[in-house]
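Here the structure is laid out as structure tokens; the discussion comes afterwards.
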Amino acid sequence: MTVDVLTFGETMAVLRATTPGPLRLARSLDLALAGAESTVAIGLSRLGHRARWVGRVGADEFGALVVERLLAERVDVVAHEDPAAPTGLLVREQRTADLARVAYYRAGSAGSRLSPDDLREPLRDGARVLLVSGITPALSDTARAATEAAVAHAVAHGWAVCLDVNHRSKLWTREEASDVLTPLAAVATTVFGDQSELDLVGGRESLLAKGVGDVVTKRGAEGAETTTPTGHWATSAAPTTVTDVIGAGDAFVAGYLSALLDGLGPAERLARGTAVAATAIATTGDWEGLPTRAELLTLHGETKR
Amino acid sequence: MTVDVLTFGETMAVLRATTPGPLRLARSLDLALAGAESTVAIGLSRLGHRARWVGRVGADEFGALVVERLLAERVDVVAHEDPAAPTGLLVREQRTADLARVAYYRAGSAGSRLSPDDLREPLRDGARVLLVSGITPALSDTARAATEAAVAHAVAHGWAVCLDVNHRSKLWTREEASDVLTPLAAVATTVFGDQSELDLVGGRESLLAKGVGDVVTKRGAEGAETTTPTGHWATSAAPTTVTDVIGAGDAFVAGYLSALLDGLGPAERLARGTAVAATAIATTGDWEGLPTRAELLTLHGETKR
Amino acid sequence: MTVDVLTFGETMAVLRATTPGPLRLARSLDLALAGAESTVAIGLSRLGHRARWVGRVGADEFGALVVERLLAERVDVVAHEDPAAPTGLLVREQRTADLARVAYYRAGSAGSRLSPDDLREPLRDGARVLLVSGITPALSDTARAATEAAVAHAVAHGWAVCLDVNHRSKLWTREEASDVLTPLAAVATTVFGDQSELDLVGGRESLLAKGVGDVVTKRGAEGAETTTPTGHWATSAAPTTVTDVIGAGDAFVAGYLSALLDGLGPAERLARGTAVAATAIATTGDWEGLPTRAELLTLHGETKR
Amino acid sequence: MTVDVLTFGETMAVLRATTPGPLRLARSLDLALAGAESTVAIGLSRLGHRARWVGRVGADEFGALVVERLLAERVDVVAHEDPAAPTGLLVREQRTADLARVAYYRAGSAGSRLSPDDLREPLRDGARVLLVSGITPALSDTARAATEAAVAHAVAHGWAVCLDVNHRSKLWTREEASDVLTPLAAVATTVFGDQSELDLVGGRESLLAKGVGDVVTKRGAEGAETTTPTGHWATSAAPTTVTDVIGAGDAFVAGYLSALLDGLGPAERLARGTAVAATAIATTGDWEGLPTRAELLTLHGETKR
Amino acid sequence: MTVDVLTFGETMAVLRATTPGPLRLARSLDLALAGAESTVAIGLSRLGHRARWVGRVGADEFGALVVERLLAERVDVVAHEDPAAPTGLLVREQRTADLARVAYYRAGSAGSRLSPDDLREPLRDGARVLLVSGITPALSDTARAATEAAVAHAVAHGWAVCLDVNHRSKLWTREEASDVLTPLAAVATTVFGDQSELDLVGGRESLLAKGVGDVVTKRGAEGAETTTPTGHWATSAAPTTVTDVIGAGDAFVAGYLSALLDGLGPAERLARGTAVAATAIATTGDWEGLPTRAELLTLHGETKR
Amino acid sequence: MTVDVLTFGETMAVLRATTPGPLRLARSLDLALAGAESTVAIGLSRLGHRARWVGRVGADEFGALVVERLLAERVDVVAHEDPAAPTGLLVREQRTADLARVAYYRAGSAGSRLSPDDLREPLRDGARVLLVSGITPALSDTARAATEAAVAHAVAHGWAVCLDVNHRSKLWTREEASDVLTPLAAVATTVFGDQSELDLVGGRESLLAKGVGDVVTKRGAEGAETTTPTGHWATSAAPTTVTDVIGAGDAFVAGYLSALLDGLGPAERLARGTAVAATAIATTGDWEGLPTRAELLTLHGETKR
């Protein structure tokens, strides 16, 4: 079955401290899942699009947790169960009200062992958009190969290719990332990143010069902007009470892509991206607060009590 | 025994999500009680007034929860236990940090079966003030009849009649509400509402023209104002850290009525109303944070640590 | 797609007290889902069978909770969203360590409005086994009609028909239940019940005489037994530490049907039924502890630590 | 107003660890109230009797906690608010599954400052039964004087006098307790205690010889027995799953007194005492699980699910 | 062993409500420890200094809680276990989001029984800085004598003497405090206080005139300033999201003293004090959020995610 | 400083599910620490012995958690902070009330990188007893070398050498374990294991023949027994309510060694071992419930309430 959006990557179990303070003083941690690509997939699915997520998980309870949640969200899941490696783990400390710190138990994880073979069938089944995160090629040599093969396939078949740079400094240096991601960005149709991430793949002007159709700058609390060959659009962030900023960037991408799939123009894409992000950060958790299509309509219309 | 304030209505068990996010992802819900009139009664009782609440509850644990809490608060409770209907239930989702959504399980509930008979004895026992909420006549035909009988009795016996419009769009339309509440407002001595609610019962000028002595506009974070035949007074909201805005309007009414019972003028009534509301919204829960008379004095005098 | 087992009924949101004591003293309630048929469907799905569940839910968060969990469990869900009625609610009090009491908010619920139309397509798609619970025909006239139509269809097409009597005294009397369920039992291939429930549909001997192939007596802590035209088999319950007995009967049915689908004989069916039940009652919750196929193999072989 | 039972003593706030282990490792403690006499008063009130409790509390939140719970339970509360002393505090560690240890913060507490004056009016108002706990006279000189005055008043007015010996070794020695309690026991109509406590006030034979009409031995898991001038009755404990044994003795006294007030004979008194105790220990908390009159009837009749 | 900083005082177990609202409605309280001097000692120890804390605790679990936490924090603990008095207790209500109220169970506590003897050996062992809180001399006559002896010893041996005025109005009046603390302040090298507290010990000018080398004004959200014979320095508070302001003053003192021990000048001392305070108040709890030396370096450099 | 007992190994952070059921359904996990050797060290320290634990931890919060707890327990901690590897993690699922399952994130962990160098100084400082667990040599080549070096050193210096076989089948096979542990057992003075573990190192008779002075069989709920050249002693387990059996074996070893250090004979050693184990398993957690020396005396003498 052809889907609207195909994405792939590593989704981990996440253990989150619920109260600000040093992790060593925590008494219990909340259990959930975390992965940039699966967050976007959930966001798209809630907005009514068909999203397929491909990845590897361990033959363990944390892998089951990941798969079951994506199934519940009606994401089309292609989860390869790896008998030889565990599901990765992310431990998130809320050191202060303003600062989250993360520790990974993902070296050698099932998710990092993603390979080109894992994507073969999903690529054959087709998609309108391929969404690639810059995290995946940093996980392992096979994951990088898988990423490059997917982009090549999408380009060859005329799909839209969206790259979210997502630089993770714990996984690789800017130089390493730049070497791998710049060629991918050059062939993308849409590139997402904050200012520093866009610079890492050559900068906005260079990307447009190479033919990228849409260079989107995520500016956090300041909003977002996009530049296309024909113009420049900007929006401020939607006003909201901030509960948990983690996942805001992925929520924005989900909203932006949703509008793209609906054939909307740059201003509407930015508007939906910031609306989805605003809803997401006004709740606890990375993906939990993502709005459904119905909520997208009502969240502003509905009267607060 | 004659009381200071007589009120009546439906008080339900409430199940509240404690973390912002979609209710379907909640793992547990907090159990409490909710009812506009009982919140005012608790507020008045804590401030040292004798408040009587009349209502129906089911012969079940949720009914016991309602009655026991009101007893604990020293409210004079006249609770008719209905063997044939359950206590109503309100489920409150905190969809985002800024938006609460509610679902009711109150169709056919014990509370909605309130009837004129239930009020006969409490009306005979007397009160200085009758407090009527615009929610009650929306619950059922018998509840509307009870409301109308109560107002008629109070008017006939020269009690003050305070009407809080409290339009609930899930229960009836503005047109339906207007038909029922406008005649009640016309004979009231004090009418409370936000701008839109006051319009629903004819608007401020019309009410004053009909002889209402005190038309009070609740303006939320912007404060409150009152108009009487002799003048207009306004106050801003008392500064506070907002924890939970639900119940703020009822808290304001409790404070305002308390000052009225103490014989204070419009400015002092507004001041106490906003002070009580400020204390209430700086805590979690509809009624939990309402101040005692002693706290009313000390909460500003007492040095924060 | 033809499935292994087709079942249908009402699945509600359940609010459970976590500590023994009167519900009115509870501070919070756990949120989950509950439904005899969906518990069996989850059990079958975890054991590797294709199970389809058909039902109605409200257009609300509790309905979403039900559907999302079933999707996560890989149950094939046919959930009709009813715009005019809420998802039913079950409140469960653990009055003492030994006694659970329930209150229903299911009158007029979406689930009770199940109708023959809702089953038309799933029946056409086919199944090897139709599993019917005696709860469903007690919910409403349309639900009874749907049940009768489903059984008639299954008989006409030569499917196995399994009836779990499941008498709920809060929904109807023994006489009412007997009138409706006895004809259904008469055409079933397998009938489940405790001694009293089997008596309600005519008793073991009568059922066998009418041609029921398998009359299974659930005897709780004493185990289970089955009688077929060719013999009688009995098993004691598997030894376990009891955590939560609710759902034990449904777990037993899931295990028994699983063995039936695998073509196993009466003794093996009883053995798997009691093994699945033992695993389920050694955990908290109705369905949470149901074993996977892999766990069925390892739970006894695996060394405790 | 004359009540059925008048009792008095110290009720404290209690902070309870919820998990077995050393208290120093606990992360949070549950907040409730504890007092032998108030537990009996709650038990009697739930069974439909008019019970009055007299005591002192501090002008603080813990005092409010005590009073509000008793009001909620419909106990007739005469709570003297002591501006000069705090409400006492009891910290309860569940050191192991089998062993609870307590620490008191009650030296100089408001409750221990109970005086004869505090009882003057309640004694004048009358009661059918005076219930005295052997804890109260150990609290302070004034509390002992109050106890002695109350017993003298009751004897003089022909009320029944029930003494529960309740020896607390942290408050006084057996010798000290014996000196004070033996004379009180001698004039009582009913004396409760375990074997060792009855010995402390002279032993069963001595008490009967002095004219005590009813000497009741609490034997914990072994049940209870009573001896009167005309005979001896014994009962075993009602079977139940034990959740929390604390408060069992007080629950037994409540049940026994309830039957006494209903005019029942020794066997029925023992039966109700053990039934009430069984219900109480099958829930968490000292008083939370005490049955209502309705539950007394249904808890055995109602089918477990 | 000579330490960097010697301090002494009473550290209590603290029971904290976790949700804003009246304490009487709380269901559970968090258990931790609280003491101004031990908070400073923890802060200094985390920043790499050797801090010794001397005090008395009861022979109970709360005493063990205090000692074990300080050991875990690598504070050099000299805890005299008092067999005759319990560890003090502090109950903290979060009445509203903006107002915490405290109740003490510390009359006659072990901590208040601190005596000159308890300090003899620690004083002999030596320290670079003696840190004295104005709370300690308010606890008892012996605690005052111990404080005065410690200051005299420190002055005699040429240690730096830092006094944090810390006026507690629940323990003594301003006049009582002034009589005791003014002479101590006069011989100190550094005095900390808010404006009102500095006035209580004579005021800034007077202190400088008497030879105090460093008069530090804590100005809360407005920052801090210090005056020495050679100049005046001020700093604003470091920007942060406020989670829990309690302990901010002690955190500031820890940071300020840390810089003093590192030989830094007034501006750097103020900077570190406000940085440590900012980190502490952005977490829950008095001492939990205090930064380590490594965190002091990274908390601003580390990129938020 | 010479200590009573020197031990070493890997202590991990542990994340434990608090409710029985599949881990993937857990919402939060409790955070603690786990390690056989550190549990014994805590047990010995609480009983008043000087115990030193040597190990490696990551430069992370979980490492800090391990070290801080051991410091709090007054264990002499020699913790090498490994900048290049994280602290190991153990995830414990309570699949059913009777079955715990574990998953490790310890491959390449800091703890597994223990090397002979890490032990050099602690060995030089001396000890009366060296306690070796059979887990440590399974962690890595360097950990095995460290273990062998430690045993050789202890033998050479005439210390007692106690080996707890502790076979972990997730780390190595019985054959691998036997090859490494049999030579170590041969030179030990005391060997602990269950029947199967003792067989793995040659069996009781063989060990005694090789000169082991004390072969102790742990028999779980059946108790324990020991054989020495001069006789055989056995004891049944101390009666207790079982809360959490994990850690029972380590608790037994701590009690046994404590008696050995006190110079007691085989019967007393078994008695203390089973008493300590009984106390530990009557609480939640591996090490939390271990008794202090004072509790060892009072836990049976103190009257249960």
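Every chain is named by a letter (A, B, C, D, E and F) in the order it is written, and numbering of its residues begins at 1.
Operating definition for what follows: a residue touches a chain if its C-beta (ideal position, glycine included) is under 8 Å from a C-beta of that chain, and two chains touch if they have at least 3 such contacts.
Nothing here was measured: the structure is a model prediction, and the numbers come from that model.
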Q | Touching chain A and also chain E, the following chains | A | B, F
Q) Any idea whether B-C or B-D has more C-beta pairs in contact? A) B-C
Q) If you list every residue number at the chain A and chain F contact, are more than half found on both copies (same) or fewer than half (different)? A) same
Q | Whole-Å separation of chain centres (CA-atom averages), chain C against chain E | A | 62
Q: Compute the distance, rounded to whole Å, between the mean C-alpha positions of chain D and chain F.
A: 46
(Q) By the touch rule stated above, which residues of chain C touch at least two different other chains? (A) 22, 27, 68
Q) Who touches whom among the chains? A) A-B, A-C, A-E, A-F, B-C, B-D, B-E, C-D, C-F, D-E, D-F, E-F
**Q.** In the complex, chain C residues that touch chain B
**A.** 15, 18, 22-24, 26-31, 60-62, 64-65, 68, 86, 89, 91, 93, 103, 105, 107-108
Q) Where on chain B is chain A touching in the complex? A) 19-22, 25, 95-102, 169, 245-246
Q. Which chain C residues qualify as touching chain F in the complex?
A. 240-243, 279, 282-285, 288-289, 295, 299, 302-305
Q.
Per the contact definition, I'd like the list of chain B residues that touch chain D in the complex.
A. 68-69, 71-74
